[in-house]
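In the two complexes that follow, subunit A is the common piece, with subunit B as its partner first and subunit C second.
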Partner chain A sequence: MREYKISVRQICFSLVAFSLAIKMIMLTAVTASISGRMLWLSAIVNFAVDGLFILYILKISEKFDGLDFYEILEVNIGKVGAKIVFALYAIIFFVKAYIPILEQKTFIEITLYETSPTILTFMPFFIFSAYFCFKGMRAIGRCADIAVWLTVLAVLGLIALTLQNADFSELLPLADIPLTDVLSGGIKTSLWYFDSLYILFFIGHFKREKLTKTKILGAFAIEGLMIAVFTAATFAEFGVLTERQFFAPVKVGLFSVATLNIGRIDYIAAFVIATSNVFAIAVPLVFCTYCVNKVIGVDGKVLTPVIINAIMAALILFTEKYLYVFFGFISGYAVYAFAFFAYVVPLIMLFLKKGSIKR
Partner chain B sequence: MELNANINISKLALKALIGESDDIIFFDFTCGEYDACAVYVDSITDRDMLGMEVISPLKKIEGKHTVKELSKSVTLANVELVSEIRTIADLVLGGHTAILFDGKKKALSVDLKKFETRSIAEPPTGFSIRGPRSGFTESIKTNLSLMRRYLKTDDFIVEMSEVGKMTKTGVALLYIKGIADENLVKGVRARLGKIKTDGVPDSSYIAKHINERRGSLFKQVGSTERPDVMLERLLEGRVGIIVDGSPFVLTLPYLLVEDFQSAEDYYISKYRANVVRTIRIIALLFSILLPSLFVSAQLFHIQLLPQNFLLTIINSIKGIPLSPSLEMFFILLIFEILNETSVRMPKYVGMALGVVGALVLGETLVHAGIVSTPAVLIMALSGISIYTVPEIVETTSILRLIFLFLAGSVGGYGIILISAFMLCYLTTSDNYGVPYLAPYAPLIANDMQDGFQMKSITDMKRRPVVFASRNKTRRGNENA
Partner chain C sequence: MKALRSKIVILIIAATTFLYFTNDYGLVDIEKTAIIVAIGIDYEEEKEEYSVTAQIAVPESSENAVDNEQCSIEGKGKTVADAIDSVGVNTGWYPLLSFCHIVLLGNGAITGDVADTLSFIIRSDRIPDSALVVACEKKAKDVLNTKTPLDNVSSFALEKVLVKDIAKSDRIASSSVKDFIKNYYSLCETSQMPLLKIIEIDDGSSKEGEQSGGSGGGGEKKKKASIFDATSTLFFKKGEAKMTLDSEETQVYNLIYKNALDSYILIDDAEIDGEKTAAVLDINEITKDMRFDFSDEKSPKFILKMNVRLGFEDLKKTQPVKDLTPRQTIPDEILETTRKKIEKLIISAFKKGRENDCDILHLKEQLYKFNFDKFGAYGEDILKTVELIAEINCSSEISN
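And now, the complex of A and B:
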């Protein structure tokens, strides 16, 4: 019998804790630069598409009766085929991790430090990340149980700080932004989404319970709602200048009366978001490690996460100047590859046979 | 080697094994028609009982008898017949008295051990204003009697064993059948059986041997000096280990949350108990994080400090020759030295030293301009707070040092990273199959009835799910 690595509740919590935290830093500014005051709608569009695929993956996985994604592929296209597909997914997860890690690094350096060198301030993250990857899906689930409260409280705190100076008339009129801008905003920022990828890799590793689909979709909807409210509130505070507020968590509370009287209490929320983000940006690398382990046929080895994180650390260290170039490449081209692996591959699963596998 | 019918040969064989020590007595007397010899360790034998209940009745016997018949004249319950020289030697060393008879190939072994023990007193740790005053002692018998006083059920099981090649220390495994998970009992029993050591001076030795993660900084075996706490833990589904010679009884599996619960919480109002538990958590966070946050704020994140507080700090650090992190390390070092000295010194000198250290030394350091007042204040607060959860002081004091080092070198993000690392480590750690951070990671709603916050004991109707007890109900069910 398979030992389940994560529970339905933990999947829900990981969506709220990690997938929410990862979208809190630059997403608002980038979406605002394309979709203007309709940034919240771009976010909702992305959430809607992702939500639909999450529902679809959860539904289709019922057909495979407890098999995980690798086993489904193995049954249908053989061991070698499954390994090839997983190698491609490993690359996808690796690339998916790149921008959020670089974004977090920039956030940390610009908002929390002034002169400290990167090698000292951010590089220790990869030691943690390697450990987190080594611990795998179980760590995602259990850490989400704690981190969810931190993330939710921090986001609610930031929204509360925003409301004081928010002028929601900035979001009006609704109709003068072309739909193409809204959709373009959605596509260009979709690298922060594709959360259905994680669900695809969770299948077979959690025990189905009553209302599994409703619970997971509910959690995803809460995440979507919080992001939509946060982006809208940020735009309501900064108006057209939102696209300049790259590090929203330390900007939204800047002019709050509480901040002026007591001190930069918004930094506490920023620190908390940064804490949740430490896990969140490592999550794609956890799945990358999982894929690589499947490809090379090992399990629970220390070397795989160490190598993956070392490569990522080197990449971050030597390419940090090219954030915008990489962002342009990933949001312009790589997102279509993401879309293929997050949306098209699950659709192909419709034609795969059920089968069974000896464990 | 078997006993010889010739008592002199048997005595020689025994002397060869254990006779080198001067406190091993070979006392010759006559028993009816037989020459007899009582062999015992003088320092651990109840000589009054030996004289009155063993030797005196045996001396009154007349005629010929078998050893079994002779044993009936001994007016004590713990009498057995033995014939192996090695067994006799072991029993004598364990506090038994062996009676050898000339012409017999069997000897009597009578349990007459008597160790000097202190009387039952209030434990120095886990003190409470309300609740029982009794605490465990160094005697395993006394400790078992304290537990038997509470648990008058045949489901309460005590499994005795010996650990230690030289010390042969008595170890009792305690659990309640039907409540403790059988796999847990098996696991602990197996671990105890695997211990290979020459001696066990204290239960902490056993704790170190049965740790699942031996290199871990974090405590993995619970301990208590209070029988009422032990009872509560057994009723929750844990198992206990009493070690002869130690007043600290071990409990397994250990959850981090249990050290935030004091015995008194259950005897007072739940509202007060919850306030106190919250204070303990805040104090623990203070003790670990406050010095490091203060240092990182000064070095890297000055904007975090409110303006007025910032001005106070700026005024107080003028002319201080040490950097913020070195300053904090220096105060921490002084604090640890004072702490270590006051513990090791004789009690009254220690108290005086504490006063001299805290007041005079601290004051002088500030006036001399070596350290700043806020830094002393922060470290004092941290130093006091650490003792609100005394059971994990060893861990928290090291964590404080690690956090301080990272805050001084990496700053706030270092604190974030080490916190995340700790969280990941603790959430994925299991202790005898039980998650270390339960009931919070994984979240177990039922078990949160007695976590960092607690319900009234009348509302704690079910046993903690995490211990996988078969009997799940504690209150409101006749099966409970």
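And now, the complex of A and C:
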């Protein structure tokens, strides 16, 4: 008999709390640099693709009657095959975690420090991250229960501050931006997406309820809507300068009358997002740990998360100056590997045989 | 398990203290920090050198006011960043620019492409893009060292003049660095900033100065106090200063782009009961509509419709007590005079802009955004070919 690790509510909350927070920092500027004023459409395209795959994964998982992703692979391609696939997924999650961690580190340095602090100040994050990874999916669910309210309020607060100076005519005309730019903007920023990957690994670990698909897709739609509005409002405020607003949470509220008269109240929202992001950037490492545990055949051991986080910490320590170089590599090449594992592998599940497990 | 937790807690505390004792969390000591509240940028063309005067916030007691010159530090360099860096290098104070709300450009710095000077602020995260940018008739350093009765620190006084106006009367076409650069890169390439004039006033200090100079036999002559006027607006095309809108033109320009409330219009020759008198009208509400009309393909028109609701604020004439209310109906003659005045100012500002190649109504951008299908045909020469039609309607606050 196996226990469920997470509930449908917690999955919904984690999408809004963490997947939303992780997209709040650099995504807007990077998308604007490629898609221009159609950045919101690039975001919607990515959300639409991810949303379709979330729906597909939830639907196809019904066929496997309670099996989790590892068990589905084990039943169909054997233990060794499942371990190889999971080893590859571990690499994917590890690489997927890299840019958001470096992004969060830079964001903290820009918002909290006047001069560049030592890299060591960020290192304690990995102590937390290792503990979070050790606790696994259960920790994601429980933290999402709390963080969702913080993230939603912070994002709504930032949108409200942005709207005061937003001139939405900046998003016009809808013509004159080639569709290729919109799609290119979507592809090159997709490292912040692929949320369907998490759903793939959640299957079999939550109890299906009435309207499970509607609830999860509803939460995802809320996340998508908030990002589309935020990116559009940011462009409406900054126009062609949007691509320079790398750390949007501390930029968008700067021009509101409230900020000018009272002081930097926008920093409250920025700090809240930074707090939610502490969990959000550790989420891919949780799944990386889960995959590695499956590969080496252990469960609940302290050593795996410690080693994974130590490797990531060392990588950050030695490559922190190369954010834009690594970003270029990941957004230019690695995203295709992400797409393969997030979209193509789940499609193969169509041809796998059914299985079941007693709970 | 308890022992393991204790060990982990000890490890975390050790790691934290290690960070504290190695680098103090990377923080700069507050005593070594100069909190800069405004910078003045001057440029000497002969030396090809920028001079940045930074006004720093100095804690003071009410009895011991600090003079402007005492809280200003200056640095020179080949670029603005270089000059700011030399402020830190030469004084030993770390220049903290996060609280810099005003950027003054001296008369030398507004020659040539101003964006060369301001792009540092957009590029850097050290100084907020929301800082207001102001052009000066004099050197920016002189403006920052001006003695004013408004505040002990000139930039605080200047901030009052500029920021208060943002929220209220819309007499000043204020512009942040972000707005200026955004317009610089826009299709119309026309941006603007207030032009600051210093008006000397007689606050009695000059007499005191003369007396003290006389009795002391050659004592230091006190500076005359001054106040600031930023109601004129300097327009730039591709970053080059091209033209100035005067105070009244600026006010009308603001009526087009801002939701001006609590702003006043002075009518010199208002006619009340057959007598000419001065009247001040309060703008209570403005609705605007701007669009192109291409019915005549050879001559596109830009129609600017503006409905202005007005109330009486003041009249240089005594009236019956029942009429002493802002809701008093304004006679049609005065409304017509006001309408003509606003129309004339809009047309004159637009013509001035056209003559100087400054697209002050952002026509090219409007055409691109709202009439994209016509942009190819008219876009390039829209400023030269368009006919501006200002349809102004003035009404009393209580009329329909």
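Here is the rule we use: the second predicted complex is superposed on the first by the 351 of 359 C-alpha atoms of A that agree within 3 Å, B and C clash if a C-alpha of one lies under 4 Å from a C-alpha of the other, contacts with A are read in each partner's own complex, and residues count from 1 in each chain.
Keep this in mind: contacts are C-beta pairs under 8 Å (C-beta built on N, C-alpha and C of every residue); 3 or more make two chains touch, one makes a residue touch a chain.
A quick note: this is a predicted structure, and the numbers were derived from the prediction, not measured.
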{"item": "First (subunit B), second (subunit C), both or neither touched by A:Tyr113", "value": "both"}
{"item": "Contacts of A:Lys301 with subunit B and subunit C, given as first, second, both or neither", "value": "neither"}
{"item": "Touched partner set for A:Thr121, first subunit B, second subunit C, both or neither", "value": "both"}
{"item": "Partner chain(s) touched by A:Cys143 [first = subunit B, second = subunit C, both, neither]", "value": "first"}
{"item": "First, second, both or neither for A:Arg208, with subunit B first and subunit C second", "value": "neither"}
{"item": "Contacts of A:Val278 with subunit B and subunit C, given as first, second, both or neither", "value": "first"}
{"item": "Partner chain(s) touched by A:Tyr267 [first = subunit B, second = subunit C, both, neither]", "value": "first"}
{"item": "Intersection of subunit A interface sets (partners subunit B, subunit C)", "value": "113-114, 116, 120-121, 124, 127"}
{"item": "Partner subunit A, residues of subunit B touching it in the complex", "value": "300-301, 303-307, 309, 409-414, 416-417, 419-421, 423-425, 427-428, 435, 437, 440-443"}
{"item": "Residues of subunit A that touch subunit C when the two form their complex", "value": "110, 113-118, 120-121, 123-124, 127, 169-170, 172-173, 175-176, 238-241, 244, 247, 251, 254-255, 257, 259-261"}
{"item": "Residues of subunit A defined as touching subunit B within the complex", "value": "7, 9-10, 108, 112-114, 116, 120-122, 124-125, 127-128, 131-132, 135, 138-139, 141-143, 145-147, 262-264, 267, 271, 274-275, 278-279"}
{"item": "Touching residues (chain side subunit C, partner subunit A) in the complex", "value": "11-12, 15-16, 18-19, 22-23, 25-28, 33, 94, 96, 98, 122-123, 125-126, 128-130, 163, 166-167, 176, 178, 181-182, 185-186, 368-370, 372"}
